[in-house]
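Below is one structure, written out as C-alpha cells, with a few remarks after it.
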Amino acid sequence: MNNREKILKENDYNLTSSQYTAVVFGTMVGVSTISITKGIVRYAHQDLWISTAVGAIFPIYIFILTMVIFKKSPGENILTLNRKYFGKFAGGLLNLILLVYFLITLLIIGNTYIDMITTFSAGFLSPFKVALAVFAVSAYAASNGLRVVAKVSQIALYLTFLLILPSIMALKEAKIINIYPVFESGFSGIVNGGIEAFKQYLGIEIIFIIYPYLKQKDKMAKVTVNAILLTTLVHVWIGFISVYYLGSDVILKSDWSFLLVTESVTISLINNFRYIFILVWSLIILKSISLYYSALLFCLKDFTSNKFQYKILAFVVLPLLVLLCIEFENIFPTEEILNFITISYEIYLIFLGTLMAITVSIKSPKEQRKN
Amino acid sequence: MKRYLIIITILLTYMFYLYGNTRVPIEEVDIIVGFGYDVMDKSNGQIQYSVPFNSYIFKPNEEKLSVTKTGRGKNLTEAEQDRDSKVERKYISGLEMVYVISEKYAKMGIKDLIDERFRNTEANDMAYVVVCKGNSEDIFSFQELGYISTSDYIYGLMKNIDGYNFFSQNYKLIDVFVRMDSKGRQVLLPYIEISKNGLNLTGLALFNKDKMVKKIDIKEARILNLLREDNVKGVLSIRKDNKKYIDFYAKSKNRKVKCYKENGKYKFDINLTLTGEIISNTLYEDILSSKDVKEKFEKDMKQQVENMCNEFINKMQYQYKIDCLELGRYGAAEFGRLKNVDWNEIVSNSEIKVNVKVMVESEGRGDY
Amino acid sequence: MNKLSGNKITPNEAVYILIGIMLDLNIVSIANALVPIAKQTSWISALLGGVYPLYVGILAVFVSRKYPKDNILTLSKNIFGNIIGNILNFLFLISLMIYFCAGLSEVTIISRTYVVPFLSSLKIYVSILLLAAYTASKGLKTVSRICFFNFIGLITLIIISLGILRNGSLLNVSPVFGVSLKKIIAASRDSAYDYALMETVFLIYPLIEDSKKIKTIVLKSTAFIVIVYTWITFISIYYLGIDIIPKTIWAFVEVSRDIEIKNITNLRYLVLFILLFISIKSMSILYYLSLLILDNIKKIKNKPIVIFLIGILVIYVCKNYFKTLHDRNEILEYAIPVITIYNLSYVSVISLVSLLKKDDIVGKKQKK
Amino acid sequence: MDSNSLEQNINLIRNNIGTKNYLTVKEFYIGKEQPLDAAIVFISGLVNKEIIDRDVLAPLMYKVNENLTGKANLADYLSKTYIPMSNTDVIEKMDDIITMIKRGKTAILINGMTEAILIDAAGGEARSIIEPENETTVKGARDGFTEKLETNISTIKRRIKDKDLMIETFTLGRRTQSEVAVFYIDSIVDKNILNELRKRIKAVDIDGAISLGMLQQYIEDYTYTVFPQSFTTERPDRAVAELLEGRIIVIIEGYPVAMSIPSLFIQFFQAVEDYNQRTVVASFSRILRVFAAFIVLTLPSIYLTLIKYNVELIPIKFVTPIVQSRVGIALTPFMEIVLMSIIVEFLREGGLRLPSKIAQTLSLVGGIIIGDTAIKSKIVSPATLLIVGVTVVATFLIPNYDMSLCIRILQFPVLILANMMGILGIAIAWFLILAHLSSLDSFGVPYFEFHLSDLKDTFIRLLYGK
Amino acid sequence: MEKNKKNKVMIICVLVAVLIVFFLEKSEEAPNVEELDIAVGIGYNITEKSDGIYYDIPFNVYYFQENGKTKSNIRQGRDKTTGQVKQERQRESPRSYSLGFEKVVLIEEKFAKYGIRGILDVSFNLPKFNNDAFVFVCRENTNEYFKEDIMGYTSTSDFLYGLIKNMQDNWFFGENYKYKDLILIVDSEGRNAVLPYIEKEKDEIAIKGMALFKGDKLKAVIDINDAKWMNILREKKSKGLLTLKKNSKEYINSYSSSQKKVKCIKNGEECKFIIDLDISGDIISNTMYKDLFSNTETLKNFEKLMASEIRGYLLDFVKKMQTDYRVDCLELGKIAAAKYGRGTGVDWNEVVCRSEIEINVRFKVNSVGRGEY
C-alpha cells in the first residue's frame, strides 16, 4: 500500500463536522419521513406535530449514552468495545444482532422505495430491476468508504430542504383553524404519539459506530445536537403543514400525506411539482440506503474479523440483498411483524447503549478479563 | 479483479436492456381532458353506470379534434373497464381538466368515485369538479363556438368563475378530498346546465357528506358564497326603481367567525368586511365629493347585505337543515374534534349573527 | 471641459429644483379645484394665484442678499433662540411631511385607477419611497439633474397638449368675463394652494454657487410655473367645458387621454409615464428637504436609519389617514389652508425681522 | 557603481537579474598597449544582435588603437569617439543600470570604470501597426496602437507637435515593472484632475499590472456600478481628439489600448467617423445610437406591460395581429422574452470565442433555425421574436463594447420590474437609472450631465466651419 | 468598519421588507391578452317586464382560433341593473373580457327614449373604457345586428365602423358621434346630442337617418334627407353630394364641401341667428346645361340657382325643427350661451325655437371635372 493509498485510507475515516451532521441527519430523515403522520395521527389527531417533537427524546437519550462511552474510549466504536468487554463470543453475538438489524432496515427502505417508484412513475420497470440498480449503486458508494457517503449525504441534506421549502407556500392557501383546538387529545394522546414517533428517529444508532471517526473530537456534542435539532425541525414542520393544510381527518386516510401537500403547491414555472419531487426524493433515498449499507459493511468487517477488504464484502453481500428484497413480501408479509421488529429493536438499542455505558464507566479496561 | 468487474457490468446492462419497455412516445396518444360520471336506471329497475371521457385526438395536419367515448357497467369499476376496452389507442390520464358528475349520480353519493380518485396516484388533484343537469354525455357532446372540446369551455368557465358572483376557486378535486370527510365541513360544487343561449352556470350543488342534497339557484348561491368563502368578488346593488340604482363591486376580506356557547346554546358571530368600488350609480347625488353621502351609502349597503344574509340563514336553518356555511368547522376547532357530534343539527338550531362592514375604496375616474 | 462642480448647484439647476418643488401631481386636479368657483375664467385665477410664490421669492431675494450663507433655519434659531427656533423649524418640517404624504397618496390613487389596478397600495408606497430615498441619499446634485429631466418631461407634456386644440372649441371658454371679479379672486386663493412650498427657496439659496443670481432664478421659475398652470386650466376648460369638469376627479388626465396622432396611436402611455415620473421626482425632493431640515435641527449621525424611519412614518400615515380619496380630501381641506398661512407667516416674519435688524444677527452670534 | 572591478560588477548584475535569465556577457580586451578588460552585458531576447556586433563590438575591438589606461572619465570619452550609435548615455547608479538592462538595453563595463555606457539597441519581435479590429472606420486613418510603448508614443508624438504635450512615465507592479505613459497637453488639462490621477497611480501596488483593464479597476471611483468608468480606444486619432479636448491619455506597456480620463457617459456614444462625416449625417447617426440604447432598455418591457397589464393601451390596429400571433402559446410573455434574450446571448457569446469562419455559421444557424422552429412549435409567438430581434440588432449600434455589454445587462432588471409592476415598474426603473447615472462622477467631473449650452457636441455635432 | 456593518444591516432589512411586501401578499393575477375576450361592440337594450325594466347588454366579442381565423361571438347578460348584468354575463363567458377596444356602441330606440344617462356613467367608473367608439341608435334589438355575419367583415361592428366613415364623405356627416363626444355634449349647456340611426331590413343594415336627443332622452328621429340639411347647418366643415334636379333626366350632381359661420344678435328678449354658409363644389355629372364650363354666364346663374335651391331646403328644415321637433339640434344654444353668460338657468331650446334664424348661402363651383361628355 504505497504512500498515496495510506493517506487515502487514513483520512478516509475522519469526517469534518458538517459531514458528520449530514450523516446523522441522513440516517434519520429517510424514506419514512413523508409518511411520519400515518402512525401518529391515530393517537394525537391534530396535535401530531407536538408528538413528533416529543419523539425526539429517543435520539437525545441515545446521544447521551454515546457521549458517556465517547468520554471513556474515543478510539474504538461499539463493535470493538463489545468484543473487548463482553469477550469474543458474547460481544460477537451482540454485534450480530446489530448486523441483522441493519440488513432488515436496508430491505425495508429498498422495498418502500420500489413501491413508490412503481406506483408513481416508472411503472414499466420490474421490482427486480429497480432493486438491482439501487443496491448496486449504493454498494459501489459504500465500498469506497465512509467519506464518500458523507459527501453524498451533505448534498442530500440541501436537497431535503429544497423539497421542504415549497410547502411553505401552502401556508397561504389553507386556514389556521385546522390545528385548533390544540392539546385536545390530552397528555396521554401526545405521549402515545411520541412513542409512536420514536420509529421516525431510528437511524440515530449509527453514531454508535461512527463516533470515533469525527476529526475535531471536541466538537462531538455540538455536531450531533445540531443533527438532532435539524431532524426534529423537519419532522415537526412536516407534521404541522400536513395538519394545517389537510386537516386531521384526511391524514387518517392517506399514506403519503406530505405528497398531497406538495402536489397542491403549483409553482408558476412547473405546473406539476410531482416530477421534481420523485427525482429529488430518489437521490435522498439512495443516500440513506448507501449509509445503511456502509453501517452494514462495518458490522460485516467486524463479524469476519477484518479478513476481507470493504470492496469484496460489498459485492459479496449485494446479490443476497437483492434476493431478500424481492422476497420481502413473503418474509415480512404483514404490517404487524414489521412493527414488532422495529419496537423490539428500539428496546434492544436502549438496552445495549445503557449496558455499554455502565460497563465502560465501572470497569476499567486494564483489569478486563476474558470470560 | 478488474476484468471480472467489467464482465459483470456488461452482463447487467444487457439484461436491463433486454426487457425493453412498452412506453409509447407522446404523439400517438390521445390526452383525456374530461371525465364524466352518469347513472341511468335500466328497464329492469337496476342502475347502470356510464362513464364517458372527452379526449383530444392529434391529426397529422395539426387539426385538433375532440371525441367522447363512454363505458357502461353495473358498477363504477366495471363501467371503467368497459370504457378502456373500447379505446383502440393508448391514452394518458393525469392531464384532465374537468370532472363532470351528473345530478342523479351526485344524489346517489360520490363516495366510490372520490375513493377511486384518491387512491389512483395519476389523478390530477387540481382538476375542477362540476355537477351538471342531465347526463354528462350530453354536456360533452355540446358544441361551443370557438372551443374544440367542451372540457376546455368548462375549464375556462371555472377558471374565471371567481371574477363575479362571489365564487372562489375551491372547487378542485383536492378541495373535495379535504372537505368531504372533515369534521364540520361540506362539499359545495358549481352546477351547470345547457340553457337556450349555451352552457352556463346556474347555481351551486350542496352536499351532505358525500350525497348531493340540494341545488341552490344563482341568486341564493351569491349570498351563500359571500357568507362562506374568503377573498371573493361580486356585484351588490341597491335598486330603488328602474332608473335609480347603484352597483357596488365588492371584494370580501377573510371573514372572522367567533363561536361560543351561552347558557347551553351555541352562538356564531360572522364578521364580513366588503371593500370595493362603485361601478354605476344613479341613486346617490355627488357621492364623489361629500363624505356623508358616501357614509350614507355604506350604511344602506350594510343594511341590505345583512338583511339578505339573515334571510338566507333562516332558510338554511329551517328548510335545508344543513350547515352549508362551514360553521361546524369553527365549532369543531373551538369545542374539540374528537367528540363525534353532528354539526348540521347543532348549527341548524344555533343563533347566527352576521355583522357586515362596507368600505368604498375608489370611485373610478368620476361620477356622471 | 465643464469645470469641477462641488456640492454647490448652478443657477440653472436651482431653477429646475424650484420648478420641481412647486409642480406636483396637482397639475392634474387644478382645473377641478378652480372651475366650480370661477367657472370658465378659472384660468385667470390660476394666473393670479402666481402672486403668492412671487411674494415669497422677492422676500427670499432680499434675505439672501443680506445673509447669503445661512438658510432660514439658522436665521430662525438666531432670532427666536434655539428652542423656539427649532420648534418653528419642526412645524415647517411637518408642513413638508403633510405635502409628502398627500403627494404619495395622490400618485398611488391615480396609478391604481389608471395604470396598475392589480397592485396593492402598499407595494406602490414601498417602491416609490425606496426610489426617493435612493435619490435623496445621493445628494443635491443628483436631485437637481432628475429635476432637469422632469423639466424636459413637462415641456413634452405641454407640447403634446397642444394637439388637443383641434378637438375642443373656443366657445367653452367664452364668455371670458362672464364671472364676477369676487369669484375670480376667491378661486385664485384656492389656486395659491397649488403654488405651495415656494418657501423652500429659503433652504436652497445658500447652496447655490453665486447667490447674486437668486433674483433671476426666482423670476424664471415662478414665470414658468404660472404659465404651466394657466395653460393646463385653460386647455382643460377649452376641451371639456365647465359642465363636464366637475364630473371628473382629474380633469387633465381625461384631456390627455383623448390626444391622438392622426387617430391611430394615442399618447396615453407616454402621458401616464411622465405623470409618474413627475410625482416620483417631487417625492425625492421632499425627502431630501426633510433630511436637510432634520439635519439642521439635530446632527444626524447615521443617515440610513433616519431615511428608513421617515419612510416608515410616511407609509404609516398614508396607510391609515390617506387611504381613500375621501379621507385625503377631508384632511387636506382642513390642513392645507392652515399650512399655507403658517408657512407664509413663518417666512415673512423671519425675513422681516432679519432685514430690519441693523446689526448682523448672525455675525453677533459668532463674535460672542 | 561602488566598486570598479569588472568581475564584481558583472556578478552583481547577474545575481540581481536572476541566474536563469538568458543574461549574455561578452568579454573582450580594449586598447593597444595595456589592453583593459571590458565586457558587454545584455538580455539576449530583447536585443537586436546585428546592431551590437556591427556598431558596438566592431569599433571597440578593432578601432581602438590607443592606450586607455589612466584616461579620465573614460566612459564619456569612449561613447563620444568610438560608439557611432545615436542614443547612448552614461549611468552611474547600479539599480538604474539593472532596470535599463531589463528594459532591453546593453551595458558596456570596463575594468576600473565606475560608470557604465548604456546603448539602446532594443530589438526583438513586435507586432507591426495594423488597423484595430473592433473600431474600424470607413474614411478614417488605418493605424492603431501596438504592444510596444515606444511605437505608441511615436504615433501620438507624430500627430501632436505642440511643445505643451507632456508625457510622464510611471513603473507599475512589483513583478512586471511595466511602464505606464501618461499624456496630457499642459495648457488645456485641468491640474487637480492630473494630481488626482498621479496620486491614484502611485497608490496602486500590485505585483503584476498585466492589462489596462486591471489598472482601470484600481483607479476608478465607483466599483459597484455597471456603467464603464473609463473610455478606451485603440485608435490614435481618437486618442488625439480626446487629448485636444483636455483629457488625459494613459497607455500601459504591452497593451495596445489607450484609456482617456475623465470619461463621460456621452463619450461612449460618439463613434470615430462622426468627426469626418458631414454634420447632418453625423448628428443623425449619433441620435440614432442613443435612441437604440433607449430601445434596448425599454422596448421589451413596454411590449410586456402592453400584453399583460394595460391591454387597453394597445393601439386599436395592432390588437388583432398581436393577439392572433399569441393564441395557443405555451410560455407566459415574461418567460418568452427572457428565454429568447438568453438564447441570443448564448449565440453571441458563443460566436465571440469561435474563429470567425465558424462564428458566422453559428449565428446563421442560431438565428434562423432556432427562431423559426420556436415559432413553429408554438413555444414563442412571432410578435415576441420580432421584439427580441429588434432589441438584439439595437445593441449592435452602440460603438463602445463595454457600454453595449452594460446596456445588455441592464435590460433584464428593467424587464423584471416591468413584469412585477407594469408601467409603474418601467417608470421606476428609468428613474433609478437616471438617478444612478447622475450620482456618478469620474475624477470629480459629473458623469452624466447636460447643459443646454453645450448640447452642441453631445447629441448633435455642430458645423466646424461656422 | 462599524458604519459599513450598520449599512449592511440596513440593506438586509430593507430587502426583507421588500420581499415580504412583494411576494407574500396575495396579489391579483392579471390574465394575458390572448386569454381575454376582446369586446368590439356593445349593445344596450331594455325589455319591459312585470317586475320592472330589465337591461340587456350583449357584447360582440372576437375569439381567435389556432388556425389564424378570427370570428365574432355574442356574450349576453340580462338583469335589472347594469352592474348585475356584468355579473350575469360572467356566468356564461369562459374568459374575462377586456374593455378598451370597443369600436361601436348600439343603443336600441326604446332604450334611447328611456334615457341614456346610465350608459355614460360606465366610462367614468371603468378607467379602461375606450371612449372612441361610434354610437348608433338602432330600431330593433341589438342582438339582431350582432348576429348578422357580413361577408368580408369579422363582425358587424367593423362593418358599422366602416359605414359611418364613408357617410362622412357623402352625407355631410361630422365625425363627433363618438362616445367621448356624447359625454361632452349631453350635459353641457346649450348643446344637444345627435346620433346616426340605423335600421335592418332583410339582413341589410344601413343608416336611415339621425336621432335627435334632448338632454339624455331621444326626442325625434329624422330621415336621411332632413339629416343632410341638418348636418350642413350643424357641422363646421362637412362634405357631401348636392343635386339640382329639374326633372328625372336633367340634373346636376356636385360633390361639395360646406363651411359654416354663425353670428348671434340679441334684440330684447329674443335673439336672432345669422348662419352664412359658403359651399364649394365640383360638378361630377351634368345633364342640364350644355355649355356649363365654357360660358361663365351659365355658370354664374347656375350657382345662383343652386344657392337659392339649397337655401330653400335649409329654411324648410329650420322651420320643421322649430315647430315639430322643438329641439335645438344646430348647436345655436351653445353660441348664445357663450355670448350671454352661462349658468343662468335659461332653457336654450326654447330660446332657439322662438328665435328667428336667417340663412344666407353662397355656392361656388371650383372645378368641373375632366371635361364635358
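Order of writing sets the labels: A, B, C, D and E. Residues in every chain begin at 1.
To be clear about the criterion, contacts are C-beta pairs under 8 Å (C-beta built on N, C-alpha and C of every residue); 3 or more make two chains touch, one makes a residue touch a chain.
These numbers come from a predicted model, not from an experiment.
S.K.: Chains in contact with chain A and with chain E: which ones?
M.R.: Joint contacts, listed by label: B.
S.K.: Out of B-C and C-D, which chain pair has the most contact pairs?
M.R.: If we tally the C-beta pairs in contact for B-C and C-D, the bigger total goes to C-D.
S.K.: What chain is the most remote from chain E, judged by the mean position of CA atoms in each chain?
M.R.: A
S.K.: For chain B, which other chain has the most distant CA centre?
M.R.: D
S.K.: Centroid of chain B to centroid of chain E, CA atoms only: how many Å?
M.R.: Using C-alpha averages as centres, the distance is 44 Å.
S.K.: Report, in whole Å, the distance between the mean C-alpha point of chain A and the mean C-alpha point of chain C.
M.R.: 68
S.K.: What's the distance between the Cα centroids of chain D and chain E, rounded to whole Å?
M.R.: Centre separation, chain D to chain E: 66 Å.
S.K.: Return the residues of chain C touching two or more other chains; collapse runs of consecutive numbers into ranges.
M.R.: 113-114, 118-119, 123, 247-248
S.K.: What positions in chain E touch 2 or more of the other chains?
M.R.: Answer for chain E, listing residues that touch two or more other chains: 22, 26, 30, 65-66, 124, 127, 132, 183, 187.
S.K.: Two-or-more-chain contact residues of chain D, please, as numbers and ranges.
M.R.: In chain D, 306, 309, 313, 316, 332 touch at least two other chains.
S.K.: Got a list of which chains touch which?
M.R.: Every touching chain pair, ordered by label, is A-B, B-C, B-E, C-D, C-E, D-E.
S.K.: Which stretch or stretches of chain B touch chain C in the complex?
M.R.: 288-289, 291, 294, 359-368
S.K.: Of all residues in chain E, which touch chain C in the complex?
M.R.: For this pair, the touching residues of chain E are 3, 6-7, 10, 13-14, 17-18, 21-22, 25, 27-30, 124, 127, 131-132, 180, 183-184, 187-189, 334-335, 338-343.
S.K.: Along chain C, where are the residues that touch chain B in the complex?
M.R.: 109, 112-114, 247-250, 253-254, 324-326, 329-330
S.K.: List the residues on chain E that touch chain B in their complex, please.
M.R.: Touching chain B: residues 26, 52-53, 63, 65-67, 71, 73, 76, 80-84, 86-87, 90-96, 115, 117-118, 120-127, 183, 187 of chain E.
S.K.: Which stretch or stretches of chain B touch chain E in the complex?
M.R.: So the residues of chain B touching chain E come out as 63-64, 144-147, 152-157, 159-161, 163-165, 197-202, 218, 231, 234-235, 237, 239, 241-243, 245, 247-249, 277-282, 363-368.
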